[in-house]
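Given below, in the form of structure tokens, are the structures.
Two complexes, one shared chain (chain A), two partners (chain B, chain C).
And now, the complex of A and B:
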């Protein structure tokens, strides 16, 4: 889908796991979801974050693969490992700065989000971004996200000294602010 | 008589809930045997009624595809919508009628089951009178089925007792909107939400109970709108709230009156609007004087400065919207809470304009449509009052009977159960309702069901309630019949038939027609299709407030929904009500309504010092008859947990994952603790989707709002303690996976 990009906005996520359930309905890996939702710390916060593959320009997973099994398509989608090559060593699982690849031990193969290559190549949006009720996952033109959203997109990340540029964008707050998440902080109580 | 014929464990072993994980033919089957057609229809679950396309092959639903052209949800779906297709081809599905025996249930032919049902209903009525039989309906039924069930009760059986599970859902809001506006519908289309400058959400866990609405809320925020949340819990949408008001359970009306207090004190009201278009303002203005923010803070647990700020934001906004749901409605003063929200909107002139107004977030699939056309105990089709002579005359004419033959208003859902318990109602015919899970005080409900002389059920699975039945008639799922529903906005939608009912299961309305024939009322039920029922409904609703006369299946398909009222075939429908600044009362005025505070019917005290409130989780729907049978949804939240603040947990030595016994004035249950800072320390929360020893509704009480007759699910009193041992169910639980 020309001009469409993938945007992840953790601040919109409601933890409903629609994306996981929908990912498991995708034809190429039906029954096995390739993405996940983190409940950061349910005791202390309602915040949740959905994780799809960020599709790095220079993918760490591919760089550390001893079998050269991880390939990027011409349009920048980093794919699951090639089954004939993958030796199931889990190097990619350990190395990915975003924690995305999954080792499917029963298949002896690393699999991960391929941004619904089967769908986007047919002009359909990725399954997770289509169903996401909060549009924390969105697949829309850049112009649209900039016009409509209050958060702003970025695709540059720093992990220590490693700079990572990605095909997928993360929405970040227009200004940073701390959010307290204890109900007590919002309550009125007679102070003894 | 209506005790389960076998131990519940044996019935569950045979009839489920079992978990269905995999589509027909397995995960890999679709690539070899692709779908033959995509059916554009709607999700079978909540009141959002999201558009969805079902993949169908060989009369089986094998998957789904998002429907991005449908304007309400534009392809978005919650996990229930994504997995809803797995209710089809389910191993628990009832494929034949069942008759109870000494040792369980046996399958029966339709003739045998229907003859038995009709003769038992007739016997009970001959012996005890017509009103000894009651009918329960449900708000997941299509509008055609709801309409026909109302007609079946009044014409085929002649009983005045028909009510439905919407009595546990929308009725407080319905009464309040009728009092203020003369009509029971949200006045705004959802497309107004992103245009509001201030969005107040009271008692609504939007993210889990109406997930698609989250996107509308976030778009409001993207546009610069401020978000105010009133809730004893921080639910997921609170993560982006600009102001969070953690109200003490049952104190909503005080908080809302205090907001109006500040608005009036600061002169932020719209005097011209009030003068020209409303009545009753002076009394309401007088009534809120007592609730200055300091006093309200003491009562509600919300800081005075938060009350001040919320009131200023709401009062100063040019366009403000207030949304509300079960949190404020499930109270013995549910009507007052909703009226207080409406009073805020009327005082600030927020009605009849784009981006301004109030709306109830209807919960059930056809929560709106199912309450408009006659399965409520006091209403006739078109949202007409059953005690209005003109309404009776109109409907009697459409039905071909004399007006005096239409019974007067009957009892509401909980009152029917009370009357069964008291021995006044002897027989119950129920569909689309699982009171063993959904009514309060479930031990009382079980005792009542055990007293029935005859209990007939129409259902597609053997629900916890159907386990008590004498006869279970195998009915149809939503995707097995055609019809209409109205979503949360009052937008009438077309449910397409995707597949035929499997085995010997039948389309529901055919079941009533066959029963009517056996009751000698055949000529009043001559239908051959849902469309014929809809056409009669259009006439029956004509001229009423919920006027469907101008709506046709084709028009719905063409416009992707038609908002009622739609009085003529060339009328486009009415997305936003009151644009002419006239209510539907005879005088055309909007009415302020007094909202006095009353104590809960189950007050906290020394013995029961903790508030108990109940609600839903995102992966389950209502009593769980459908969603507790879908593997992925059960895995997402497998068992009810009790949410407790660390402060309260610490006082009882309770840690995350500990077993906790919760005791109310009615019963006790033992569940695992979920220790979270996202709930008030004086309150615990339990989701209610489960049955038996895991049922939150064992604890809740039967106090009703005096006008809406809604039970007070959201405010009970309890005490908690750390359990010494896990409950029996934790040992016995066997999960059967398919």
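And now, the complex of A and C:
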């Protein structure tokens, strides 16, 4: 599906976990969801945010992999680790700024969202985007998302000094251009 | 390989182990040509070296060595000895009254020790069932690629001597 992009809108997530169950139905990793639905601040709010792999242009997970097991395909999708190469060292799990890779301890292999490569490579939408009732996860053309949404899609993130550009877009408030996260901001509660 | 790479470029390992799947398997024309040239050069030099070695190698000289007395070996019996050095096991066989033959005991396949099978009148290697002829050491059956090297014998009175090794052609 040429021109289709993945858009994640945290403000639309209702925490229904449909995406988790849809992801777990996939034949390539049956029973194990690769998507994350996280509570933002569980003591104060019920707000949740879904996280698929953002498929970075310069993937940190692949750069830190000592076994050369994580590869990016020509369409910009960062694949799960290659089973014969992965040594289950968890470097990628620790390095990913978005916290996406999952260490499957029983398989001794890292697995992560590959944007349903079996589906998207032949023109189908990813599982999670097909089931999301509020379209917090949307796989649509750019014109459509700009026409229908108030928020602005961005694929530029700052983690401290690291600039990350991704294939997947995040919907952010229209007055912002990029999303900036500094871990230090969250380290002391009384700072704010 | 650093000699061939312009300075300031990414290190070679980043090229070889690229994150992108397509780049990982990519071989540029220059790389391929370099590989071809270097490998052919290597093979050429190797061949020249082999040629030079065979030119300058003289015929090997073997010592004379007493094995045993002819009467020590009964008809149909064997006598084990070492020739030309202490590390080369050989076997002397007396298949009938007048005949004495000796071969290296190392099977030409994987160097197991061959033994004399008297009822079949041949040398047998137990490891992979390679059989050798008693007449000239040629391979009768099995995986050995070459005949057994033959030890040249000489009889002086009652004494048997080893005087050399015969190079045998492949069968």
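Just so it is clear, the second predicted complex is superposed on the first by the 174 of 192 C-alpha atoms of A that agree within 3 Å, B and C clash if a C-alpha of one lies under 4 Å from a C-alpha of the other, contacts with A are read in each partner's own complex, and residues count from 1 in each chain.
Keep this in mind: a residue touches a chain if its C-beta (ideal position, glycine included) is under 8 Å from a C-beta of that chain, and two chains touch if they have at least 3 such contacts.
If you're wondering where the values come from, they're calculated on a predicted model, not measured in any experiment.
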> Does chain B (first) or chain C (second) touch A:71, or do both, or does neither?
Replying inline: second
> Touching A:16 in the superposition: chain B (first), chain C (second), both, neither?
Replying inline: first
> Which partner, chain B or chain C, touches the larger number of chain A residues?
Replying inline: B
>> One more residue to check, A:166. First (chain B), second (chain C), both or neither?
In response: neither
> First (chain B), second (chain C), both or neither: which does A:62 touch?
Replying inline: second
> Regarding the shared-chain residue A:109, is it in contact with chain B (first), chain C (second), both, or neither?
Replying inline: neither
>> Going by the contact rule set out at the top, does A:80 touch chain B (first), chain C (second), both, or neither?
In response: neither
> In the complex of these two chains, what residues of chain C are touching chain A?
Replying inline: 17, 19-22, 24
> Any idea which chain A residues touch chain B in the complex?
Replying inline: 11-12, 14-18, 20-22, 24-25, 27, 30-31, 42-48, 125, 127, 130-135, 148-150, 179, 181-184, 186-190
>> Looking at the complex, which residues from chain B come into contact with chain A?
In response: 22, 27-28, 30-31, 63-64, 66, 68, 73, 75-79, 81-83, 207-208, 211-212, 214-215, 218-219, 221-222, 224, 233-240, 244-246, 297-298, 300-304, 306, 618-619, 632, 636, 645-647, 656, 674-681
> What residues on chain A touch chain C, complex-wise?
Replying inline: 58-59, 62-63, 68, 70-74, 79
